[in-house]
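Structures are listed in the sections that come next.
Heads up, the next two complexes both have chain A, just with different partners, chain B and then chain C.
Showing the complex of A and B:
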């Protein structure tokens, strides 16, 4: 209860301490990836071959790209459980366009625009219809998945033109998906950190009423972030649809959960307001690395989901423990 | 007459700050013992020690009947017959009246299942004994009025054979007619031999109902007296301890032209036909009971709940405000009543909170200018005396007073011309409080027009140049600084409630 007016800076923290306290989760995951690489390469040196590293990272790049948009959605305090179904629909549209003879650049870009359009509707229902995002996206999940199966009859798309396979190409000897992942992750990270737009998303997720009272156009921002997320889903689709010779209309089951999980393990608080998109990309790489490591050390890859499940629970518990500690340390 | 409950030399510290210092307090059977003091005087801490929520520091003794305790657990307090009716009622809205009354100690049948008919019958008897024949034991509590919910709370306390009943500002949210019914209930409980600790700010009530009164100030016991031995003046003097003029050092105001003119402002039926003028350099105090529409009026002017009728003029020009963004861009700022709800983003740093309403000022076209943002925060920290490690400290870690200063800093960073402050010093310590008061005086002197909503009469009387009194959603009186007194403002606050209810 002293009343000195001078700002009392108790201690200046060093840059390193501040870096770790801000990016703790990212540092932990990067450490986990390195530890995994070191440990598994002791058992099986081939694990570290350039070929295997490329496979590990580029195979899951589409998950990392989709998780960027998902991280933004969760930071804003929302969730999207329909993104897996959306990627399935967009991939089918992309493949259909390609086999119908449209130029490949149309087959690549039109799904992105459609993703933006569909998510504009979702965002408008959430922001202006005041329906919780989990409800809207659950509905969208059923519509997209049901519609897709009904229209395609579950058929796969074959006979894709050879120049369609963007994800199989390399630039400067590095697979295109890795370029996508790195450039989009860093770009989104800078965007979230260095623009007023990004700041407003953190504010909305941290305390929507305070954000609104501060003059942030909350509804408009929510629609916009859903549209951006739709664009990332479209970009992820380009990587997903062009990496194999066929497009399965049944996308990897639980794809949306894998994407949400990457965001959460990457340090995006499921309660909104905190996190970065770098963490989610690292988490996507970690999943892929764990899956690959299991093959190398002869563990059934079916355990992958269980391992990821354990990681989710640990991450969420740590997040909640951290919040409780912060609330306790807040003196009355 | 031996006491039901006796506290001797009880103290309590939070994080090294003593909020209660060597307090003696006792409750006798069949008495109403009023507990008074300003916000932050230690009343809540004291009643929480009695009800077992807080553990007192070493050294004090709590005597119940013949047994002595160093501290009470909430379970031990309940066993000893100590029950509390809190300000924020702790009931379950989806359960019925009878279920709420007997929650946790419902009568059982021989098979161990709930004995519903006995439960309903006993709930009926309890409510009848409280003169509440009109209250249906099967009604969902969520559908009841505040006054009825309070009766359910009292019945719940009695169902546990309460011998000491603590009532924490029971009339704060009640209309006049309900206050009178409550008085009857309290007198009835006293006749039954229940000892009642009655926490209230309202002098007329205390004089009507209390047998003794204890005053706390800054955590210390100022005195316990039979009600006949004190007067309103002596009670206020005991509570405030200083002259109001000394407590609120107010610079000579420098009042200019009318900047804001509100005419016939309405929002639904919660804000009804409010008109007032606000001048440059003026502090307009808004007084009124909880639920009188003060906050609702502020939210309407600030565009959170846009006006449904009436007009607002800024500098003589009619404007319409339909969002907080618009209000902000017009130079209006609102420091909310609940800083957790509408003020702060707790996981963010001081700098990020301070810049939140001025993001356009700290960006160059597209990108944030972090240096500019930090400069805003450093300015706020220096100007408001925010005690923090630095501009990058997370606001969730700050004390209440410093959090309030961050919210204030956020709005001052927008360079507002009109500042609306809703309960600017609620729940913060005495030191931070007087700093905020000093700052308000200075801002007004520099020409800012300030609207200050406060439930603390001394604050309103001490700070305001004029007092607008609200009641039932509308303005009932405007009182100049010279005429404003606890009597004139208090009378206007409680007056005319009945006629308004009839009108509804």
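Showing the complex of A and C:
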């Protein structure tokens, strides 16, 4: 793990080489997105229509937003398999508030606070209860999923007030979800890179004992990171809950795995200590672009998941090969 | 030292299980009938087979998220081999078991040859195997299996459900291998400190390869039993079963970091979960409410176990 490095730890090299070796994964994914768009638009020019681009990017922006928080969790050396269920619970709370006649801004913001609160408990169990995060969040997954269905009885929420649909609105002619995604990604990226708090996440994930010796309050940080992750899950919920006319009491199956995958394909090392949120956002866009491309080039959508599986494996293998090569050249 | 710790966790778990059984039995007089017990065993088998082998996987410090997808893939292929390709059913079953083992072996190869962390490798194959199942089946189900096939999932032998015999044999063999053989000690060694294990001359990669292949085989066997029990195949079979199996294993005291755990613990975990599911539903609580309780029990058990020995689950 010590051989992986966070962007700023890389020894100084010059210009382009340094840029590519620091942001290799991000460059690869951006290249893959561009290649995909070019190839598919050759077969079917309508792929590049404004309408379709909008569906690809803004329809899945909530996954990118949730993947930002997930990246922070994984960089710190933890994991959260309950985030999909959390988004489902928060979406139902949001919809219930809206239909109960509360002002929409309360319906939008209260779920974020609840997300922070729930994840504060998760973080405390991980940091102070010393239970591995996969165990706590596995338990939380059951609690949230079971709780949601037993309280709602599986009923959908549909008579939502018209001004509730934040994700369908535009600001300066750009859909609101795209604003959310871009601003949050860039903000989180700068914050993780340039603040002491942000840097400490890489330190904890890279070598927890060294981080502790350097005076970082590790336990408190872990709780805080889980709370921040909860806030991102809440923000993702706002986009997810307000994009359709109905709110179902279930979320897309395997949503947590999709979010984790976006983070990992985006270059966040599952061993902790490295990665950026720009990569995870690009990976989320790549996923939804592939899904849409398959429809345009007439591949049966039944094969979508198989394609994503192959993609995950290829990206991970390429990433590992790249790291091995870097380690060798670093040793020389 | 290790045994001491193991016993502690398993004692807590056994006490919890007994407590749950007593409380649940007082809620409904149907709970403690032989019929109900055996029927619950039937329902427990598929998760049980997977969880027993998952215990090995987690003891080596790994994880296998793809088992639910392997289950779905083998179920779909069973239908395709038998109905679409016209193979005799026993041959289709044999081929299905081979495909499952191969799928597990591929997991093992990705993990050992390319050093991909197990969580990521099996996350990828989770999507891949389920994707292949969906692509092949295109949401069509296969029905109309011959009567003799249903014996496996619905029949009885000496008054006990057939699949419970299978689970019993697999559990016994697994417990003996893990608890009493040199190979079994090697599994713990690899999970406890892989580098040290390698320096001691253990072939860590071979051990892992065998375990992931076995995990695929267990999922395939669970698929055959599942199909026989519900009389149909669908590509979404087994979705989420990996989390149920992991919950049972972890509840049973196996450390998610590897190096520690037992088959007995896993079986106790399975029984506790199944008893809660069944007992609460007999007491009139919906199954979704039960899931909440299982989540809480999982967290609380590990928390308690950590409180009792401060060096607990690290």
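As a convention for this text, the second predicted complex is superposed on the first by the 305 of 332 C-alpha atoms of A that agree within 3 Å, B and C clash if a C-alpha of one lies under 4 Å from a C-alpha of the other, contacts with A are read in each partner's own complex, and residues count from 1 in each chain.
By definition in this document, contacts are C-beta pairs under 8 Å (C-beta built on N, C-alpha and C of every residue); 3 or more make two chains touch, one makes a residue touch a chain.
Source: prediction; values computed, not measured.
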item: Which superposed partner A:214 touches (first chain B, second chain C, both, neither); value: first
item: Which of chain B and chain C A:200 touches, first, second, both or neither; value: first
item: Which superposed partner A:304 touches (first chain B, second chain C, both, neither); value: second
item: Which superposed partner A:187 touches (first chain B, second chain C, both, neither); value: neither
item: First (chain B), second (chain C), both or neither touched by A:161; value: neither
item: Touched partner set for A:31, first chain B, second chain C, both or neither; value: neither
item: On chain A, positions contacted by chain B and by chain C; value: none
item: Touch list for chain B against partner chain A, complex; value: 14-15, 17, 302, 304, 323-325, 327-329, 334, 336, 341-348, 352, 356-357, 359-360, 362-363, 366-368, 378, 381-382, 385-390, 392, 394, 396-400, 410, 429-431, 434-435
item: Chain C contact footprint on chain A (complex, rising order); value: 79, 81, 125, 129-132, 134-136, 138-150, 253, 257, 260-261, 264, 270-271, 300, 302-310, 312-313, 316-317, 320
item: Interfacial residue positions of chain C with respect to chain A in the complex; value: 65, 110, 114-117, 119-121, 123-132, 134-135, 137-139, 239, 243, 246-247, 250, 256-257, 286, 288-296, 298-299, 302-303, 306, 312-314
item: Residue ranges of chain A touching chain B (in the complex, touch as defined); value: 1-13, 18, 194-196, 199-200, 202-203, 206-207, 209-217, 269, 273-274, 326-327, 329-332
